[in-house]
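After this come two complexes, each holding chain A, first together with chain B and then together with chain C.
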Partner chain A sequence: MPLDTSTYSLALLRVDGRRWNELRRIHAQIRTQAAADGSSYLEMGHTKVMCVVTGPSEPGPRRGGAGGTGGGGGVGAGGQSKDAEVVVNIVIAGFSSVDRKRRGRGDKRTLEMQSTLANTLAATLHTHLFPHSQINISLHVLSQDGSLLAALINAATLACVDAGIPMTDYVTACTAGSTSTYAANDEGADPLLDLNHQEEQELPGLTVATLGDSDKVVALVCESRVQISRLEGMLAVGVDGCKQVREILDQVIKAQGQKMILDGTVDKGTGLNDMDLD
Partner chain B sequence: MTSSQQVLLSPAELSYLHSSLSLTPPIRPDGRSPTQYRPLSAETGILPGTNGSARICFADGTEAIVGVKAEVEKTKRKWDDDAVYTENSHNDDEEQQQDGRGEASNGNGNSDWVELTVEIPGYRDDDPSTVFLAQMLSEALLADGGFIKKLRINRRFHWKLYLDILLISPPLSYPLPLLSLTTHLALLATRLPRLKSEGDEDPFFDDDWAAAPYLYSRNPTTKRIAERPPVTLLVMAVGGNIIFDPSKEELAVADVALAVSIGDATTSQRSQGEDDRMDVDSGNSGGRNLKLLSIRTVDPPSRLTPPGVANAANSAYGHAQVVNTGANQKMPEARQTESEAVEGVWKPPRGGAKAIVMGALVQKVLVRGGVADEVLDALEGVDTS
Partner chain C sequence: MPREAEPSLNEKNFVLQALQDSVRLDGRELEEYRPLALTFGDQYGVADVTLGKTRVLAKASAELTVPYADRPLDGIFNIATELSPMTSPAFEVNRPTETEVLVSRLLEKTVRRSGALDTESLCLVAGQKCWSIRVDVHVLSHDGNLIDAACFAVVAALRHFRKPDTSMEGGVLTVYTPAEREPVPLSWLHSPFCVTWSFFGEEGDIALLDATWMEEQVRSGSCTISLNKHGEICQIAKLGGVPVEAVSLLQCTNIALIKAKDLSSKLDNWLAEDAKRRDKGGLLAELSAENDRVPDM
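Let's look at the complex of A and B:
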């Protein structure tokens, strides 16, 4: 079903009623699972993902010969290397999309997301602190409605924070698009923030991940055709969206931290005296 | 197939575990009684995009999510089917739960109407252990004859049910009981759109989700579920003890491990009235009639563990080697397995399970008011509406 973009110019509202620069509702939780080293649950609109981090730990016995067969995207040489290996494993549940579509392990799109994610995280996590070890990140997609890669990156960041793996800063991701298709060649097209599934199918879009509060881009994925003149606007909107996402994730982590201190799960550190706990 | 990954326990630890589990009563590493399940928290209806979903977290931190999705599919007609649609097919239009029961001729479903997949992180989906798990779970469902019949819409169409089972946590213990219980709950919470068309027409459904009936229908007044999907329990025997829901460490010293699938036969039994005890306790309090659906032996990892070496045979303890043949020196295990069992020295179980042990295990599962009852009662307590 083609997306009706003609109404956008009338009221400047998108199909789901958002303005061009509005994010969907983001709801996140960390420490969702007791047994894991780190875990998180993230919703961006109707896209719902869970992340479980195991490690840094000794690389386990490899099944089926060399190379992580279970996890597609492995970065670093694992047991032999001075840096920890980041292994990402994405499971897209068959029931996640509207029509059930089963994706095998060897699905090209999944593999590409795995390697993008592994590269992004390996650049941000302080892997040099954990030689000869492995960080296993397994992600489960429970429901998808666009911006899947962005949701996966955000969930992985949260889970890594929960696991206590030292990292440079938050890696937050967001998608950006443009109001008219490539073929329309519309010079006056507005950029859009945080695409949903419908928009993602029709309009040009990109996923951008930035480091913390800075404008440093750590991952940029664009899989659609778009005029170069529109790219700058899309990127600017995307980077701005990442900062908004960072604020939300930061609040989630601070809230969890406060809860843990109040519960007495962790001791109140020395630097925390000035933190307002009420 | 080994039932879990490599166990990193030394022969001494295995021997300790084995002997403490063989005591009467057995002492389990986590302090449970032999028939006690791990405590769990469960919720259903967590994914609005599915026909039914459930999530269970066991106290040891393992977590699973099951989503059920249904599609309408055209039924392949068999050659021997009569091509004429007879008048008596009119009773189909009431509810799909009821139909198929009256007419035995074409009411029976086909096993491809259900597709069950298991996803375990870190394992390939064609990994033998994953395939075996999926097989065990679907086998139990199909053995419960009433289940497939529920999927029939009319002569020409049926529901195809996709069950996707995700293990979210790393597999800390053999996930079979967890996955089975989660599947059970997801099926209980599954609803299919209400059929509006009649007879053998192309199916047409009510788009009001609130009107959608449950796959496992409820009694309209008491809200109790009349029939229940099967559950698969994991049981193991160590020494003379029977232990339910073993953890990974316990499974590592198991003599025999069995996956026993059971169904609730309360309704059918009651109508036959052959059991006099049913009259006394007609509710769910006194236990239910359980029927055995399938049994699978699970190959416990204990068979692959290295044996311990007794001090008497260990030259490091000053024992003079009696036989110093070359072959024996190279393979101390080979020599050890043939020796007699020594107290306190781990010796992996060899050979198959004895029929009497298997019988005792199954008997223990099916006993009235036993663990299976407890599990079903606990699952009944979960709000599936």
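Let's look at the complex of A and C:
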């Protein structure tokens, strides 16, 4: 049921007290699972996801023969291909949203997200370095409060970095919305950054994923009706948000690297002598 | 599972190199569609769309059912997509491939979630009786750009479709056969059309519309934009693939709007022609039980 956010125009504050260009709190960790090749945990507000990366490794036995019918979105042709296949599997926990919903394996929305993630990551991971192999990315959604796809992309990026898979740059994602409904053509509508569940339900919005510091859009998903004139503002705010997210993820990675050097887990590289570790 | 035969390295390079010089294999401009044709069946709600060598058949049908318990005031509207082995050996019956899932999700988002069909008007008795409208999409021949063709077929089928007229009197619901009362059109709110861009090259700087199957096999990314003629975006799906500058995506959207308007007027013309063909002797207006939506003065 749509809620009422029409109070926005009064104080220019959103339902959770943010201004239009504010992200929610992002908390991220990498190397959360010791046994995995790469792993991460990411919170964007109340959206919480975990990611585990296995691989690149030899592709396992094919289930039913088809490229990821059960497992979901796979890109590349696995065993025969010159590129590594990226297989994504998303599990949405039953307790993750307010109403407990049972989602089967064949849920189309999940399948679509799996395929989006696989294609997004395949565009940035250097899959040509690992012929005849498979990169398994498994994501678990623990709590949902909007911007789910964005959180999944960010978590997968972190886990891939942790797994040490060569990639062009970070792929970061966030959502953007607009305060006007699709019918209203009012010019005063503000774009909004990082929608929560409530806003996602009643306002038009889109998810945008960009590559590193550039304005290059890897994935763009808009599922609501919106005036074409709103798109430019929403996209600009979204791309800007992705850059902010990138900074945050970069800090997480650097902090972990520093910690590993201080712990003596890895040797301090020669180029790092002048780096301040304190 | 048999896989689709991939084009050879020579073919791939040839297509890509030609595209660097803005030349397509079939001599089209980059932003030009293949010839689009639409034939309606004898029945209402059957649309057969051909786009070059791609051919899609959509059939709309209606049946009386009980509405979902959580939506007692809404009718039911479903789009079923089927890619049969007839189209390509890579498709199998009862095992949806990724393409099939993506096509059906896109159609659903474009037509159903954008509210093109007013589902409330399908409800007859709250919580007890409603129409269930179903559109079956069959791909008869696949030569690229399935999504645009399928979306056009679905919209055409639904706008052409007529459901049996009904009346409620003293709690008794009567459904009239076409012989008793002329069937009535669905309550249609807007017509969305999909326009798919394909991107080529490492940088994704070559963008073209209406890719053929060969072009689809060598492309490095795609973006499907659904719009109606009023300039409303119903859905955008760039599901991964090569990174594209945000500015060029905006340009793509603006060109897509022009194409959507073009598709919209084409469909309007075809529908008008078909209505004229069916209206032999000009009796249809008299037979119709539908009320004019003009308020009495």
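Assume the second predicted complex is superposed on the first by the 274 of 278 C-alpha atoms of A that agree within 3 Å, B and C clash if a C-alpha of one lies under 4 Å from a C-alpha of the other, contacts with A are read in each partner's own complex, and residues count from 1 in each chain.
As a convention for this text, a contact is a pair of C-beta atoms (placed from the backbone, for glycine too) under 8 Å apart; a residue touches a chain by one contact, two chains touch by 3 or more.
All values reported here derive from a predicted model rather than from experimental measurement.
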Superposed partners chain B and chain C on chain A - clash or fit: fit
Which of chain B and chain C A:D213 touches, first, second, both or neither: neither
First, second, both or neither for A:T54, with chain B first and chain C second: first
Which of chain B and chain C A:E22 touches, first, second, both or neither: neither
Which superposed partner A:C222 touches (first chain B, second chain C, both, neither): second
Which of chain B and chain C A:F95 touches, first, second, both or neither: first
Per-residue touch tally on chain A - higher for chain B or for chain C: C
Inter-centroid angle chain B-chain A-chain C after superposition on A [Cα, multiple of 10°]: 100
Closest Cα approach, chain C to chain B, once both complexes are overlaid on chain A (Å): 14
Shared chain A surface residues [contacts with chain B and with chain C]: 64, 69
Residues of chain A defined as touching chain B within the complex: 33-36, 46, 48, 50, 52, 54, 60-61, 63-64, 69-71, 89, 91, 93-96, 98, 100, 102, 104-105, 136, 138, 140, 142-143
For the chain A and chain C complex, residues of the former touching the latter: 64-69, 73-75, 77, 106, 108-109, 111-112, 115-124, 182, 206, 210-211, 214-229, 231-232, 235-236, 239
Chain B residues within the chain A interface of the complex: 5-6, 47, 49-50, 53, 57, 60-63, 65, 67-69, 71, 117, 119, 121-125, 127, 162, 164, 166, 168-170, 172
Chain A-facing residues of chain C, complex: 1, 3, 92, 95-98, 101-102, 104-105, 108-109, 113-115, 204, 221, 223, 227, 231-247, 249-250, 253-254, 257
